[in-house]
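Sharing a structure here in structure tokens format.
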Amino acid sequence: MDKSCASAAEAVACIPDGATVMIGGFGGSGGPIELIHALIDKGAKNLTVINNNAGNGDVGLAAMIREDMVSKLICSFPKSKDPRAFTERYLDGKIELELVPQGTLAERIRAGGAGIPAFYTPTSYGTDLAKGKPVGEFDGRSYVQERWLKADFALVKGELGDPMGNMTYRLAARNFNPLMCMAARHTIAQVTKLVPAGGIDPEQVITPGIFVNSIVEIANPQQEEVLNREGAVYP
Amino acid sequence: MDKSCASAAEAVACIPDGATVMIGGFGGSGGPIELIHALIDKGAKNLTVINNNAGNGDVGLAAMIREDMVSKLICSFPKSKDPRAFTERYLDGKIELELVPQGTLAERIRAGGAGIPAFYTPTSYGTDLAKGKPVGEFDGRSYVQERWLKADFALVKGELGDPMGNMTYRLAARNFNPLMCMAARHTIAQVTKLVPAGGIDPEQVITPGIFVNSIVEIANPQQEEVLNREGAVYP
Amino acid sequence: MTDFAEIKLSNAQIAWRAAQDIEDGAYVNLGIGFPEMVAQYQVEGREAIYHTENGVLNFGAAPAEGEEDWDLINAGKKAITLKDGAAFFHHADSFAMVRGGHLDVAILGAFQVAQNGDLANWSTGKGVPAVGGAMDLVHGAKRVAVVTDHVTKKGDPKLVAECTMPLTGVGCVTRVYTSLAVIDIEDGHFVLREKLPQISLEELQAVTGGELKVQGTVADLIVPTL
Amino acid sequence: MTDFAEIKLSNAQIAWRAAQDIEDGAYVNLGIGFPEMVAQYQVEGREAIYHTENGVLNFGAAPAEGEEDWDLINAGKKAITLKDGAAFFHHADSFAMVRGGHLDVAILGAFQVAQNGDLANWSTGKGVPAVGGAMDLVHGAKRVAVVTDHVTKKGDPKLVAECTMPLTGVGCVTRVYTSLAVIDIEDGHFVLREKLPQISLEELQAVTGGELKVQGTVADLIVPTL
């Protein structure tokens, strides 16, 4: 079994216009920058993107938004040091926003991956973000019913990977990546080092390969925070 | 921070009659035999036990049941090579059984740990095990509503542990252990080796210490399957 | 009247036939007991990755006797070995794989399969009830198949118009490999795909509890001696 | 009339006061911004374990400038370091800790706190809305406290009879550390526990939007110069 891909370009070639795409990362950490930039190179329109944020500066997700590839964003915190790309389009009504509390976003993605169509959470009960959602009472406390989130594709970033799709993550770059691997029909991973099957201790695998469809080695990955501090612009 | 305990006896001393106790393990693998035996030594009555099985032979959970410590069992598969202790009491109406599909059992425990009071699953829809449970329809498919499971105590078995409660697991002995750590008010762990804080790579921690209340080193732990093959009897 | 006992496939042969339909690269869960035999007949040149409910992906054959590590078992509590690229995970992640539709195939045993795809394989309604992962598996895998003798030991049909035993899942089975035939379940009907050449359609129908539809040709069910 | 601007506590002093209530061994989440200062005033001899939503337990102070590893950040996207016994986990496990009641204390900022414990701290109702983990934290930790100036920059009360801004959570706050007082929320009321000795109860009430109840003695709010 070999899920490895020769290049980021090859890995993202299958993403069509109109797709729903989960993108891993939290702020500047754990985002699959090379996969995102490959998708910008390829071009795709009218995407629904699921990410914790809305990009920062002029690279990665912010660059996708600036290139008008994204028609809807599902996220918890569309603010950053330099959120221009999103803010302008949002205030102009050119991009739709579904705002989800961060823990609910994580749990909805996990639910999508785990075959749980709906669950109840105390989060957002009694707030504007619960408007229109069913409410349930359990043991005398009120909860909001939330639905699963699934995607056509996930773009994620790991540290070690093997050809079967098993992966580990570096430090806090883990964040949403393992969850998104579970919740997409087709998960595309970039890893810093591709090792042979057996090269990752089975006890240390964080994402089992069953959740990954293609994997590409990007040996010296770019880091969004570092790029932004350098004032990088893509393309 | 030091959650370590000098002995299994000290660790389980706090478990009173009538408590709900989750016990990790699947069949003969991953069960905290020394903690269970310490609880038998101490004695406790009228316990509700949550475990995948109902014990095997004359050690561990089977011995607890044979000592009439358990009044209710929540499990998915109360059969084994030698299920006498449970079977006799069940057929005599001396022990209550709540039978739960295995994946639903795991998810209910996770939900208990994650603050999710209820969720929907396709599992058991249309079967006897869904009787009396609410049903929900999502996207044209029917699902059963299941409730979280929590416990007063969890007894679990890890491989490495540190005084903050961080843990790893050995091979498939992981099974229900990390989930039960999350879902109990007070989690008691036995580990094969207690290392200083910092002795487990933070990327390789499976159970973060926040889910563990006390931890005891049992350097050469017994293994239920091995004990049963030797015909062991406890006490 | 053909003597079915003489010509019917052995469990090994049923397992062999089921194994022919497992694609290269498939993620597969085999039910405890008879279905586990399917792994022995993996088609040359294809690689299947086996999942077991208690938290292991890509396990291999049983170790030699005396070489067992009893912390390394499958859902049937039998000792296993690991292949390169294996992974461990906890039970909630394991059933996320099942319930979340990540498995390609689950192959299970059956007491009864109904023509609408209902499966009864967990309870005879007597003694101590035990369900394990059966009810999760039938709603998880992309394809749920059954391997079974065509009839019970008493000769009663196991493929039935309607299950009389406690259900494991509703409308979940899509293909049944029996000791006499290969039958798909489509739109609430048994559709006969293959049958032992020695048996006539009428003879097969006589030991089947629901109508056997025929769409196009019925192929001969040919398996090697095993 | 006392000039509050001259005597009120600085943010550092409010953070110091909040830190005094964190027990040894507590698991703590500090909201982004001002609440993060609480970590600087951990009481000598006590150990708190800090949690951050993006998946780290037991992180420490910021690294020296130039020493940052930008894969090692907190929820405020600031670089952090690790203490011995740290752990990483994904976002669903991180919010399982939050929502599942595993944190002992969450200390958050506020736009408004109502006398029934309602909190508004996420949205002014203008511009781009952003919520992050605020709504999860208020329903997770065993104790949800707020650190805040007692009044807005314009001098309006931040402790109010009823929130007028969009809510973060309903009935969730149990203690408020302000620049003038320490106030508990019990049974739908503000209960005054400590106040700056230079301010009278009447003066404090005048800048508070709900009735300040007194139960037993009101202690002097005494903090060091920081």
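Just so it is clear, A, B, C and D label the chains in written order, and each chain counts residues from 1 on its own.
Quick note on the criterion: a contact is a pair of C-beta atoms (placed from the backbone, for glycine too) under 8 Å apart; a residue touches a chain by one contact, two chains touch by 3 or more.
None of these values were measured; they are calculated from a predicted model.
Trainee: Going by the touch criterion at the top, tell me which pair is linked by more C-beta contacts: B-C or A-C.
Mentor: Per the contact counts, B-C leads.
Trainee: Between chain A and chain B, tell me the centre distance in angstrom, where each centre is the average of that chain's C-alpha atoms.
Mentor: From the centre of chain A to the centre of chain B is 34 Å.
Trainee: Calculate how many whole Å lie between the centre of chain B and the centre of chain D, each centre taken as the average of the chain's C-alpha atoms.
Mentor: Taking the mean C-alpha position of each chain, the two centres sit 36 Å apart.
Trainee: Which residue numbers or ranges of chain A touch two or more of the other chains?
Mentor: Counting only residues that touch two or more other chains, chain A contributes 107, 110, 114-116, 121-122, 169-171, 174, 202-203.
Trainee: What residues in chain C touch two or more of the other chains?
Mentor: Within chain C, residues 56, 88-89, 92, 95, 98-99, 139-140 contact more than one other chain.
Trainee: If I apply the definition of touch given earlier, which pairs of chains qualify?
Mentor: Final set of chain pairs in contact is A-B, A-C, A-D, B-C, B-D.
Trainee: Give the list of chain D residues in touch with chain B in this complex.
Mentor: 25, 27, 47, 49, 51, 57-58, 82-89, 92-93, 95-103, 139-140
Trainee: In the complex formed with chain C, which residues of chain A make contact?
Mentor: So the residues of chain A in touch with chain C come to 1, 110, 112-116, 162-164, 166, 182, 196-198, 200, 202-203, 205, 208-211.
Trainee: Taking the complex as given, what residues does chain D use to touch chain A?
Mentor: That would be residues 53-56, 69-73, 77, 88-92, 94-95, 98-99, 118, 123, 127-136, 139-140, 166-170 of chain D.
Trainee: Note which residues of chain A are touching chain B in the complex, please.
Mentor: Within the complex, chain A touches chain B at residues 107, 111, 114-122, 136, 138-139, 141, 143, 147, 168-171, 174, 202-204.
Trainee: Going by the contact rule at the top, pick out the chain A residues touching chain D in the complex.
Mentor: 26-30, 52, 76-80, 83, 86-87, 90-91, 97, 99-107, 109-110, 121-129, 169-179, 206, 223-226
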